[in-house]
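Chain IDs A, B and C follow the sequence of writing; residue 1 opens each chain.
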Amino acid sequence: MKEAIALEFYKTRRRRIWVIVAAMIFVQMLWSMWGVGRMDAHDLAEGWMFFLYKLPLLNSIMMPVIAAVVASRLCDIEHKGQTLKLLNTVMPAGRLFAAKFICGALYLLAAVLLQIAVMVVTGCAAGFEGNPPLGKLLLYLLFTMAATLTILLLQQVLSLLFANQMISLSVGLVGGLAGLFTMFFPQGLERLLLWGYYGVLMLVGMDWDAGTRIMDLHYTPVDWAGFFMLAVLFCALYMIGRTLFVRKEM
Amino acid sequence: MFFRTLRAERMKLRHSPVWLAFLILPVIPAVMGTFNYLQNIDILQDQWYSMWTQHTLFTCYFFLPATIGVYCSYLCRLEHTNHNWNAVMTAPVPVSAVYLAKLTAASVMVLLTQIWIGVLFVLSGKIFGMSAPVPPELAEWLLYGAVGGIVICALQLCISLVIRSFAVPVGIALIGGVAGLAAVAKGCGVWFPYSLLSLGMRANHPGGPLQCGTGQFFLNSLFYLAVCIAFAVLWLKKRDVVAG
Amino acid sequence: MSDRITTTGLCKKYGKVLRVKDLDLMVPEDGVYGFLGPNGAGKSTTMKMILGLTRPTAGKIVVFGKEVNSRNRLSILQDVGSLIESPSFYGHLTGAENLQIISTLKGVPDKDIDRVLKIVRLENQKQKKAGQYSMGMKQRLGLACALLGNPKLLILDEPTNGLDPAGIQEMRELICSLPQQYGMTVMVSSHLLSEIDQMATNVGIISRGELVFQDRLSVLHEKSRPGIAIRTLNNEAAAKTLFEQGVSCRPEDGYLLLPRLADDELAGYISLLFDRRVGVVRIEERRESLEEIFLELTGTAVSL
């Protein structure tokens, strides 16, 4: 299995997948730091919460597209080279599926870790009050990865089953858009849509005081039920997707 | 010569599920935008104009550039596979016709999307009993937005010509859209190709004139279009055809 | 009789390596020109340069009496049909739709599509998506695209690739008939000697980027040096006798190979062998095969 994963990375040599991922994360983090410079004392006190509030919002736009791009690049090489037929004779299809997924997951893990690193560095430099909340950051890592990996899984299934990458990328875009908007909807609707789980698993809530126009952030209790739903969805998706791929006639 | 190429381009797009994304995509911001507007109706008091900001916000900066990126990637993908560049470049049509035909195909899609956005906008307003009359500037916004959209098409086609992967130009389009947001916020939107779309559609200030001035808008759009066309033609002419 | 294609000093450099060196091709107007060479010799590169797909590093190309440059290119291409590398097609469209695209670009009327489909025998599969074609069908579709509009010049890069023996024969007969029936000049590249041998009237052999032979096919055949092979009941004795006479011979597969001899010389040696009581049971003429000639010219073996 380890070799299979190593092979996936080998296949993407010179494809520089990390370039586009890094570029997108870079842009996202620049965006998240917008306004950090102009923070007053009140904002700085809530600095860490500000990041933990803003990042999931930005994630819901950018991460589905990043996941779609990573999955598409990993699977596209097989379609272009028509190598699925060849690989099917040297390794079980299920293993190929798992190896590709893990390869993509590692790219995305690196991306989220980079996000956290930038958050910590910027927060300390800007003078956010208090030390970086490690517990919350770890939860952020867990939840962001959970949602992103499920999306990656879906994207991979689509990219493998359909040679025309337009389908998987369109779904990625539409999903990201829909996910963003469920954040503006009442709580219930977010759970129905996979892309809404960035919002469901958000750690910070916001009170908007219309009168004083001040934004107040506070930590909300973790929605473990939502996380559980996501895990169930992931498993179901994995089983269905893997079966579809294994059964597919080359 | 050009019309022949255009007809051929249309034939190539048969049996392609292209229009699906363009059809579904604007519906979501329309629904959400309307909802958002209704939720905040006490703050957003400008009726049609406020609802417009809600409808266009996410479309202009993220999802329309990305969708255009997908479409242009697909248009070029048709030629990148099956050694099709050999056939395209040995056809007795000038290189500029090849690029312009693809640009036209993409632009038509953009125009149709704009019309669809307009239809959805009017529908949403009417359904929720907007009392004021439909803003007369709507057509103007859609048209100017189309111009901005066509600039993005030209740019994305150039990117997809050079980068043969499908997904990477889409990522670039999204980055471009986000950067466009930053450019508009800084006030230099008119100089950045990706923000011409949102400027044209008056995503931020629907009531008034173009933030940057009409002349500047058209001049810059034409400039970017000219640069892209020149680049594409030179690129195709000077490079050895590598079809594999 | 003029040449359809002439190249003068054609060179192409990739990186630091000169892949095509000083090529002086002359493709005459009538007949089939067979462009022969081992894999990687530069056949496809040369053909791409003729079509303007690749820019030469040096040299001049003249097609239809006009020099190939950016001004003439389109008018030249109007009368050229080509199949380079692999057949090009749009997988999600049917065979007929693919042909319709090419015919639109070339300005050729629609009924020509049925004509070329009939020539390549793809009429029954024209409604099938090209992505589902077998390799042979894709090859035939590529040929059909090249034939649209009845071009004056046809450039085919390994047209029998992927075809079964029946298909190869059909393709060969078709290519041979094109000059007579339609007045087309056909330039075919291949590394299959047997095919070129049966199809071509003129041959150009390219090896490592250089042209090592260019002439009529008959001249190539004449290069083979015929010899005599004899089989006797006692080959060693025969060999010794001939050696005494100053004739060197080489044993092979139970035969003795003798160099080219005049008829009366040969008759003399044979009767000498009879005198020495060596029974001669076979006298055959052996010609050097085309493979061997090719090997000598290119210094490499023909690849599979």
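What we mean here is this: a contact is a pair of C-beta atoms (placed from the backbone, for glycine too) under 8 Å apart; a residue touches a chain by one contact, two chains touch by 3 or more.
All figures in this text were calculated on a predicted structure; none of them were measured in a lab.
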{"item": "Any chain that touches chain B and chain A", "value": "none"}
{"item": "Remotest chain, chain C as reference, centres from CA atoms", "value": "A"}
{"item": "Averaged-CA centre spacing for the pair chain B and chain A, given as whole angstrom", "value": "26"}
{"item": "Inter-chain centre distance, chain B versus chain C - centres from mean C-alpha coordinates, in Å", "value": "50"}
{"item": "Chain A and chain C, separation of their C-alpha mean positions in angstrom", "value": "56"}
{"item": "Shared-contact residues (touching 2 or more other chains) in chain B", "value": "16, 81"}
{"item": "Chain C residues counted as touching two or more neighbouring chains", "value": "92"}
{"item": "Set of chain A residues in contact with two or more other chains", "value": "164"}
{"item": "Residue ranges of chain C touching chain B (in the complex, touch as defined)", "value": "48, 51-55, 70, 74-75, 77-78, 80, 82, 84-93, 97, 100-102, 104-107, 145"}
{"item": "Residues of chain A touching chain B in the complex", "value": "15, 20, 23-24, 27-28, 30-31, 34, 61-62, 65-66, 68-69, 72-73, 76, 80, 164-167, 169-170, 173-174, 176-178, 180-181, 184-185, 210"}
{"item": "Of chain B, residues touching chain C in the complex", "value": "4-5, 7-8, 11-12, 14-16, 78, 81-87, 89-94, 237-238, 240-241, 243-244"}
{"item": "In the complex with chain A, residue positions of chain B that touch it", "value": "16-18, 20-21, 24-25, 28-29, 31-32, 35-36, 39, 43, 58, 62-63, 66-67, 70, 73-74, 77, 81, 165-168, 170-172, 174-175, 178-179, 181-182, 185"}
